[in-house]
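Naming follows writing order (A, B, C and D), and every chain is counted from residue 1.
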Amino acid sequence: MDGKIPRDAQDDHTAAMAQRRRDFVQQHTGVTLDHVGRCSIDPATLPGNIENFIGAAQVPIGLAGPLRIDGEHARGDFYVPLATTEGTLVASYNRGMRLLTECGGVKTTVVEHRMQRSPVFMFDDALAAREFGHWVDAHLAEIARVAEATTRIGKLTSIYQYAVGPLRHLRFNYTTGDAAGQNMTGKATLAACEWIAEQYPGGAKYLLSGNMDTDKKHSQVNTLVTRGKRVVAEAVIRQEALKRLMGVDTAEMFAMRQVSNTGAMLAGSANNGSHAANGLAALFIATGQDAANVAESHAGVVYSQLLAGGDYYWSITLTSLIVGTVGGGTGLATQRECLEMLGCHGNGRADKFAEICAGVVLAGETSLSGAVLHGDWVSSHDRYGRNRP
Amino acid sequence: MDGKIPRDAQDDHTAAMAQRRRDFVQQHTGVTLDHVGRCSIDPATLPGNIENFIGAAQVPIGLAGPLRIDGEHARGDFYVPLATTEGTLVASYNRGMRLLTECGGVKTTVVEHRMQRSPVFMFDDALAAREFGHWVDAHLAEIARVAEATTRIGKLTSIYQYAVGPLRHLRFNYTTGDAAGQNMTGKATLAACEWIAEQYPGGAKYLLSGNMDTDKKHSQVNTLVTRGKRVVAEAVIRQEALKRLMGVDTAEMFAMRQVSNTGAMLAGSANNGSHAANGLAALFIATGQDAANVAESHAGVVYSQLLAGGDYYWSITLTSLIVGTVGGGTGLATQRECLEMLGCHGNGRADKFAEICAGVVLAGETSLSGAVLHGDWVSSHDRYGRNRP
Amino acid sequence: MDGKIPRDAQDDHTAAMAQRRRDFVQQHTGVTLDHVGRCSIDPATLPGNIENFIGAAQVPIGLAGPLRIDGEHARGDFYVPLATTEGTLVASYNRGMRLLTECGGVKTTVVEHRMQRSPVFMFDDALAAREFGHWVDAHLAEIARVAEATTRIGKLTSIYQYAVGPLRHLRFNYTTGDAAGQNMTGKATLAACEWIAEQYPGGAKYLLSGNMDTDKKHSQVNTLVTRGKRVVAEAVIRQEALKRLMGVDTAEMFAMRQVSNTGAMLAGSANNGSHAANGLAALFIATGQDAANVAESHAGVVYSQLLAGGDYYWSITLTSLIVGTVGGGTGLATQRECLEMLGCHGNGRADKFAEICAGVVLAGETSLSGAVLHGDWVSSHDRYGRNRP
Amino acid sequence: MDGKIPRDAQDDHTAAMAQRRRDFVQQHTGVTLDHVGRCSIDPATLPGNIENFIGAAQVPIGLAGPLRIDGEHARGDFYVPLATTEGTLVASYNRGMRLLTECGGVKTTVVEHRMQRSPVFMFDDALAAREFGHWVDAHLAEIARVAEATTRIGKLTSIYQYAVGPLRHLRFNYTTGDAAGQNMTGKATLAACEWIAEQYPGGAKYLLSGNMDTDKKHSQVNTLVTRGKRVVAEAVIRQEALKRLMGVDTAEMFAMRQVSNTGAMLAGSANNGSHAANGLAALFIATGQDAANVAESHAGVVYSQLLAGGDYYWSITLTSLIVGTVGGGTGLATQRECLEMLGCHGNGRADKFAEICAGVVLAGETSLSGAVLHGDWVSSHDRYGRNRP
């Protein structure tokens, strides 16, 4: 087959094979992948990260900060690498970081950690499914033992059950240490399901996912009961600082919050805040997170109050933040450097990194809200985003 | 201020300034950004894409294909660059592309194109807001003229109105040519709002966004009335091919679809399919799209039917696909090469690129569904994703 | 067949047939329907309202008011009949009405009126469905003519289109005069669909409902683009009056609103207010509305602001209020009396009645919120709801 | 105050006071409440059900059945009283009951029972809220003891926690015996909250509802984790019977299900079925349930499969069915008779009644779906709903 992509069954992660595939692209499309090929990644480091490797996308990184964080795990002033091609983004987050830092910093807290795999078991009728559900509850300890035997790190903390007709959706919740954990939980849940299918009197038929995980998808169930980490960033914005740095009043900001809430409610929005996805996508790409998880991670709930003296309490809760500091792309060349800049590479750092993510998001919320309210949103994009058509 | 990031007010997009900031990072964090600095991007190309540039994230690209597409704009066999750090992803999409190609290819259609900015106008009471709404309807042509005066490309096609209390949320819908168009629509809508505020008898107070755009956020309103492009990919999966390539029956696949739908419905999911975000994020990073738009773009609706002879009609509708082939990151070095591989760089290519995105997504749907049904989902990740903790 | 319910094919709406069916119930279940049979309804008035008539449910009506309304259509002080079996409900709404009335009354506005039927047309592929959509847009005037030929009252105001795969969901929007209008729109849309199927080149296959109406169901699409009437009730609650009548401060009430919004957002709730369904169900039963429409009608959005002087602007927007003052149960004996009490029986009264509904709902919101905040919610139920188990 | 509704502080539930209030209405509105006054309810039975009693709404009841139910609690053939003013409703449900009965009956199962009250506790920051959450988990047994001390029947089975910012929403789940249980759980939760506020080190501020209950409102959280009873009705529709009774094929019905699912998904609908609210509202009014709970109760998930031989498995899961057979309106004159017809009055009958509700709903689903598919939906309303405008 002429059009088949070249692949070396023995050792495919080599510079030679990458070159051979770039040549193949050149033959089939006429395009020379000069820049794509000019990466500093050692292909030998890539098994487990990519197949049919041909080079790398180079995504520009801008530096923002310092952002003062007063968290449980992240404490101090951070400089944040943001990989993006969207002009204004770095400048805007930078401005928000300055506001937060001048107001004493952002407080951050990881309040939950639950990664899922959600198999569905299928029975003849609802009664059989219900009885199965009781059996699962009664055998939770054994199921956990079987699941956890597949992993050094993952712990099965609970199984949520959702009944529909003759089906029993199970949502296995795990802690996954410093890894994002989707594969870990997949493997553990498979082992658990196989054990259940074997042990359950009369047997049990299942699918490893019944679409309630909900992997790489926003969902209300994630918002409710967390996927990955649930992290809160909160700050008290001083009236004077907001006025000085962004030209707006806290009372106006709070009045605007009432309006934004109606927009979110009417729209059925995943987030009643402004643009969490911007900061998260940029941080995710810089630090080797799975950018597809922006789908889940951008969900959030803003809660704020105007304080008696005129200062403004502002919080955002990211309900489904999926991050890791080991595994995935975290060990690759540029990604590792970016994690290290934040003191977040390797074991014992995932909560710290999650807190930084939340702090960055809140910074972005303040800056964009300020721009919308003050009316300089478009003009700043004109200044920073000149190459737009 | 010692901790302030260095910045050259005259010309900040230079190799020297990037180096100076990397040195600054090294001083403040102790981390040397060797790999981050080793990019082939010319800093002089970056104004409009990044501020405080320090280098680039290198995201590995894998090659998948060929994918046969039978669209209006995309026609032929395509090799697809996917930038990701998630093992198995390229292999899985590749498998799905083979299935679709062997079944005669995937049919793709862009059915709508609407990019938004959604200001909110605020009045004393609901009656005043309603009257304003009528006025806007009556002045649509003039509003369009004012909005369109700010852009060579954008066209205002409609303004949707949503009333709540004394507020009138307006959702301006534009076509934006081959650009994603968020900035273009922001600027045009600002001009329109200023004109409205001036012309409306008695004046009108507004915010440029009332949170109904819903920019960088999934929302039901996007699913309903489109944000960006609404694109359908559809294919008839032959029973024999599915069995041979993935080891499963079309009837089982259809039965599983009934189950997956319940999971999506219970979860309140943005997509009743499997993992659109995976393919989209990888394509977006490779081709200079805004990865934050994965938040909106991953939403979708799967609709399928088992055909009389046993073949399986499978469609996915991406309701909010935000892509461009000009502007944003599309002109950067590696990104441009990847777009060119697909014949999608520059003017007149955005619909083609949107169709390719949808085709890729459907390929991924078939492969993951097949893996879940066949039971080799975890084992394939074990094979391809060895570096997991 | 012995178990078959007796029915007179000639004239089934008679006292004799009702008695015969009550006897039948007595024979089959042993239960004598004494009270059910003791109604004052003339069976001859019931064709079109009920089949297999056996008598009536007697639902107690309590009187609340006066409620001062300052609407477009409803103006003055109203006494409101509320049919319920839930203790405290009438007392609570009564308290809210007093608050609103003492604060100068509630302002009410009907901002939209759209009743739907939503057929779906099915094609071979997405392209064919898209072309069909354009054809529908181009033939809107003719479609309206055909649809409106079936009714003296209904007017087709627009057809919204929603594309998914090879399907085209059409949402026909009508004004329906003073009727709720579900049957009217069903009939008109059937005629339109038959005409379309005949006229469309190559023909077109359809179902009269593709489930996007969404009849007798809450949905986000109703919240967005209205089903029935979109009605706003708004009031400025004076600080002094709230304190005196409910013992709470407006500032506390506003702070509580921030909290309630998070609950609604997390829960994915149809209404970020308190209990619109209570007042609506009671009014609907009393006045011959279709109580099943509580499903749609209870949806709403609360928007409020604390005013500079400490007074509290409070609005609720009912997005899908389905009511009529002609047709349905509005002409029945007790129902008509209750509508007449409100000056709302017959033609030209539906907007007035809708405004009253919204005003009643806002009254209930203030009272329950006050009770939750003040802490007398449970004690009042203990006082008024003594018969609870 | 002249306009004040007359009320007897000593004994207000008398025929005389009802008459006096009807006279008051006559004076103020000119309307004589003849029919409203002609009810057979003894006012002395009404304390706990109504305040300011003036009479009763008479809602016509039609008889449907027999419906064969093969449940855990409901077994046998049932005749069902449906109180409605909507022509065709009884006839349509009746037709569906015949189909189900001829197919061997409907299988019904109550799979969960959880009634809620959801207070919210408010702290200074997210960390304090998280610590509080752990404390609640650790004191669950004591909290249950305190809550259950207020009720003979209610049992606290779990407390779900939802974190947002410095708030901790708690969703107390109870079983409530044969009562719907909203007041019972309100009272129990108030006691629990008072105890918590007292016991928690440093104290804790709360609101008895943070809007996550979500009382009298549809919500996704109800769909996920149940409010009231989660009940499944399922049946195997024989191909021959469907064809004979409704003129349609099972394969067409299944194909239509795929289409209806897309409508529900696009619309963001509370139910992917047809019109559960119709049957439920009619049953609720007839049997003294709280009709406002149609808001929650109408939510549901349809799951179906076409079986190998051509028969059609059809299930609907009502996720939030709120019913009782004691308390509320269940003891009133006509309501009690209707419950007795079903063998459902009093203790030990709530699960049976819930099963009947679900069975009735499924009957209605089959009939309406058949009518839409067969095309006689409108014509049947023309026949049965003649009094429409």
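The criterion applied here is as follows: a contact is a pair of C-beta atoms (placed from the backbone, for glycine too) under 8 Å apart; a residue touches a chain by one contact, two chains touch by 3 or more.
Source: prediction; values computed, not measured.
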{"item": "Neighbouring chains shared between chain C and chain D, ordered by label", "value": "A, B"}
{"item": "Equivalent of C-D within the choices A-B, B-C or B-D, defined by over half of its residue contact pairs recurring", "value": "A-B"}
{"item": "Chain pair, A-C or A-D, that carries the greater number of C-beta contacts", "value": "A-D"}
{"item": "CA centroid of chain A to CA centroid of chain B, Å", "value": "17"}
{"item": "Intercentroid distance (Cα basis), chain D paired with chain A, Å", "value": "38"}
{"item": "Junction residues of chain A - those touching two or more other chains", "value": "162, 164-165, 167, 220-221, 224, 259, 261-262, 264, 266-268, 272, 301, 303"}
{"item": "Contacting residues of chain D [partner chain A, same complex]", "value": "72, 107, 109, 111-112, 125-127, 129-130, 133, 162-167, 220-221, 224-225, 230, 232, 234, 268, 301, 303, 315-317"}
{"item": "Chain B to chain D touching residues, read off their complex", "value": "220, 223-224, 255, 258-259, 261-262, 264-268, 272, 301, 303-305"}
